[in-house]
């Protein structure tokens, strides 16, 4: 539970814009990669602090600065003063439990969303907050820096001189980053769909108490994803309705496309959730069916043996004047009667469909 | 499950507009049918590539090019350059898990939707993506090309010189194609309604564990259809509110009519879904009722024979001084008492309505 | 099920505006009643075809033509050409599974809705499609013509010279027709409410398996009505917001009143549906309660007689050296012990509230 | 059920504006109280008919006419002609199953709503329709007149010369009347909350079959109130957005306050409904738990006594050569074995937590 | 229940604006703290009444007056006349069951919301109404004064000369107060999440009847919070869309941030509620599973011992001519048969997975 309810006690009551890191600590130092490119050239270098702020900012190329790890409050402060970023934005970058959103600060756009992954070994969904800042000539990306990122395809495309990215502005770079993040949601959904299929097989073959727990675990994961994607869809929806001068008109069609992807993610999520709900019903009904089966076994046994036990008890009575005791064919007659009762009961149960028919 | 969650791994991270075919492969080569017509003439021919682009485009007639099979990326590219279609549209045509939508690119309208069918042998719903591009003088239709199409009635009407289609523009052709696709939904719904009726009969006569699974299979199909039709309704709704210069005013009333059909499909779907939900409740209640019935049989048997067994056990005791043993009428008296108990019990159960009354 | 999913196969793929009758066939010939009236005069006659189109149209009075039976496609075609009605409207009149709607064709308004009834003998809801066309000087009404209509009160009011209808335009006639149809919904709802009350009594006195089926039958009827009334409310809502020049301003207050009635029908429907939902819960809980009762009887019997049977079994053992056999008061002592056990058990169950307390 | 579905058969098919009283008959004659006031004077008198229409209307003071009992159609008609009230409004005043609404007829505002009460003896909610007409110098109030009214506090305030009501226009009087009616909803809700608490206690201490019925009765009452308050909230909401010249600007803040009260009533209703829903779940789960308890008793008894009965049965066998019969310590040994089995079983059940632990 | 339905009987029917305190009584006298500050100075003093109204109001600094305890109606009245506050606002301050809302009275803004806390000992949520009035140079805060407040961090920041609060207007002070209140919601949610985790553990390890009650208690708390936060989100949403001249443009970004927090609180609440719903299902299913387990034990015992008891009963019969009695190996043969039956049954149950497999 507490996984989804982050600890905010550290900050409660602090002034808004107070920079405090909320969230898991990244191991190792903060890494800053700077990529500068235009149609003809691309340069890439690592820096450790933003002392060299001015030269980067004034260059005529597109600059992409990717920051891996946001626990170093000092570096964030440097970015803030260098790029004129509002303290509330810096605060949001640090507090890693943000709801996906897009905020327009005229000079720059702030986008925050979750980058999700799937841990194959534990079967758990991992999630990491990514903050993107789009300025007139730059894109800043801030990752929590926990476990790599999904931006590699974008870096590869940037290296390719023929890529459209090289001739476009930073808005297309922002789109490219958002696009790979959303594409990655599909990969996670495929994993979840596979897992659901496994649970479904388990449900049909041998449902156990654990199956229900597994279903509810999945449901909770779905809910988590839903809470992540729903506001994202909204945010991209606002982005594509062009309310910022930072986004060129020809980029809008790409954002509309991206919006379509977010809607599809939601659709798929809902399909999976409905499937899970159906599985709960089937599980509960299979529990009832098994109870029925158990009760039938008990009833068949009791119904056959109770009358028989009564008869044998009868002839265990010690009355002096029970004429049957002395009659010669009593024993075989009683035997036949009991066999008749047993057969009669079996025929009755057979007709009711309780035996020899699943 | 995975049926509804398509594999996008092939493409994740690729640049937007990268043409990769996502979906099932069509067997055989891509077929291209070109139909050109005006009020007086109609010509029809097959081509294998679009080398002859220019002549087709410049003709003053209405041109309908139907492409059967979209796995050939090269042909798609030719269409793209010949008709000036945006790479993102081409990408959507190739990725066969699109949500139904209408997109207006000023020069042309892009419509994507599902064409569904019903496989009589397996009882499964088949679905195939159809992309339609409406230009000023042409309509392009791209089918996955898996199992025939539903456009035959349109072809027949085109051959008829008196048909209104012959004297109308390409917008009416688009309407005609959409209309047959939506009409086909009704046919599939009729099949589903028949299947639901069968399940209902099964439910009342002899419900089994399998029935519930069948109901949930149907529910999932319904959900799939809902996810297909809901955005379609939205898309046609936007179309009929006339936001494109490619659609003539007199065609709008036809689109409004089409919109009404889509709404009716949704209505029918909802009716069927509600019927299925009610059937789940009835199934579960019938399981409970059968448990009740089983328990009654058990209780009746136990309640009659336990006291009787106690009595015969009583007179199996070996105490020396049990005066009943020597008394002459003990045996018939005990017999009468036991008969009395048995009859009493039966009367009691009869009054409770447990026996001789269903 | 199939009752609510009409067969459209006859028409699938036909050109829009193709006139094909979909629905049940009316027995007997189509009847056409023409009523012409103004403040001072009223004439009424039957015609069999519309050969006499022109004279009717040009008269300065209000003309109401009621067509009973729509299976005669030829007559429909005559109306179409005589009153300039769009082929799609004619198609909708013929296809008797339309969703209630209002469509504005500038020269005339097209209203389609369901006229419902209640068959006392079968307890089923009957429904018949009524199409109304409001022109500048006329109202056309097309009924399926299955089982009479509900327009009699309107005819009576027309005959009355002092009636406001006589001095008003055709829009008030349209209102009058809609009004009697909606009023009739209340009558059907009253019947349903009575039937629900009967089921409720049945539920409390002696719930059976059939009760649940009856509840679900009712639920389905409710759903059907809801699907009929919901779009009707919407349609009347649009009508009363005055988007047609055919409706006078002073008629709007009447349409607003009518709208209020439609909302009330929906409200009542919802009340009835909620009542039915509660009844399902009560039914299921009563099934559980009866199971509990059965199990209690079984448990009481078993708990009393099992220990007693054990004791009498004990003294049926044949060990040589069982001193109790020879002891004089063994038999009465055992008797007392058994009586004590039985009484103890009964006291225990009494305390648990399992017996002598419902 | 039928309590909430009023009989409209009397009126079906009548012309709109036909005055027919629908609803329960008030005992006794219609009472008409006229109060006229301004800042300095207040006069109060009873009239029996509206023959004296003109003088009342033309007076410069605020006039409040309260009509107790609406079954006298003639008096209604007098009001209609005297104050120029539309026949449809008169019809709504007479039909006492109106949905709460506000209608603006330019010269006057028509407000209809329910005045509810709580009958302490039967625990039932009573409801009575109140119609209010606000004109430029008057307020008319029409009550069904069944069981007193809640307007006493308003009358008391009017008598007080310092009351703001005396110096305000009729719009504030309308507000005052609406305000006492809505305040009265809170009183009824408090009663319901008390009743729910009683049911809750009953549920925890000794739930019975009747408890569920009581819960559903309450749920139905809630639903009824919801249906009454929901449109009322809407109506007051429209009133406070000032769409009538009859309401002064400084009165709007009071209407906004009233709107807040209506929202609070809805909030409270929803809280109570959720509480009831939770109680249904707890009831059903307690039924299951009791079944579990019953089954445990049965299982414990059977599991202990079945093996013991088997053993004593064993030594009741009559085989000649059963060496145990002659062995000296057979009897005490068998006794010990049986004691061991009994103790073992009890330990087993104790471990399972079936006994000596609730 | 009644906790959430406050007693309004005291006030029903009173004139709007009548000042009556509704709610729990604060112990001790009302405390009034006055803080006046600008960028360079800060003064703080306590007053007991508002006799000194004029000087405070006219000072050029920002004045924050915090009133602890609202049961003293006289003091409220003084505030009303001193700051020109509308009687309806005063009435709302006194009635401590207000729905969170923002009201704009041109000269001042009125904000009312709940300040919540968590009582560690009882595990209950405490809630206290806070009313805030924002004027051009002042902020008034009215607390119920029950158990301290959460404003301490704001007081600390005000003392700090470098704090942005000192150089901003009263709108930033309002934001600061709202911000600490909303931040406090997160702390309470963390506590609830911990409690839910405890219940979850309890549910998995040893679910009892009490667990369900605990879950429903939590659900009710959630509902209460939802009802508190939902209108708060709405109110802040309206505030941040800037409809008051009292809020500066540069403060809007802070209000937008605050709005984001409120949305996050709602999101977290919904996550917790969904978790609780899942737990109800798991609880109910575990009850069913336990019933199944009990029934299996009973069935196994009965199925093994009933046939065995029948056999031993058989050889307790007293027929003279039962040849088995005299046959030498009868006894061991019967022994073997019985052992065979017992083993066979166990194998059967093992195969069915009823024993030796959980």
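Labels A, B, C, D and E are assigned to the chains in the order they are written; within every chain, residues are numbered from 1.
In this section, a residue touches a chain if its C-beta (ideal position, glycine included) is under 8 Å from a C-beta of that chain, and two chains touch if they have at least 3 such contacts.
Please read these numbers as outputs of a predicted model, since none were measured by experiment.
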item	value
Labels of chains that are neighbours to chain A and to chain E	none
Fewest touching-chain hops separating chain B from chain D	2
Same-residue or different-residue interface between chain A and chain B, half as cut-off	different
Where chain B and chain E are represented by their mean Cα positions, the distance between them in whole Å	42
Geometric centre distance via CA averages, chain D-chain C, whole Å	26
Two or more partner chains touched - positions in chain B	288, 291, 295, 298, 302, 306, 309, 313, 316-318, 322
Category of the chain touch graph - line, ring, star, complete, other	ring
Cyclic chain order - from chain C, heading first toward chain D	C, D, E, A, B
Residues of chain C that touch chain D when the two form their complex	150, 152-154, 157, 163-165, 175-176, 179-180, 183-184, 186-187, 189-190, 193-194, 196-197, 200, 204, 253-254, 256-258, 260, 263-264, 267-268, 270-272, 274-275, 278, 281-282, 285-286, 288-289, 291-292, 295-296, 298-299, 302-303, 306-307, 309-310, 313-314, 316-322, 353-354
Complex contacts: residues of chain C adjacent to chain B	1-2, 4-5, 7-9, 11-17, 86, 88, 91-92, 97-99, 101, 103, 105, 206, 209, 212-213, 216, 219-220, 223-224, 227, 280, 283-284, 287-288, 290-291, 294-295, 297-298, 301-302, 305-306, 308-309, 312-313, 315-318, 322, 324-326, 328, 330-331, 334
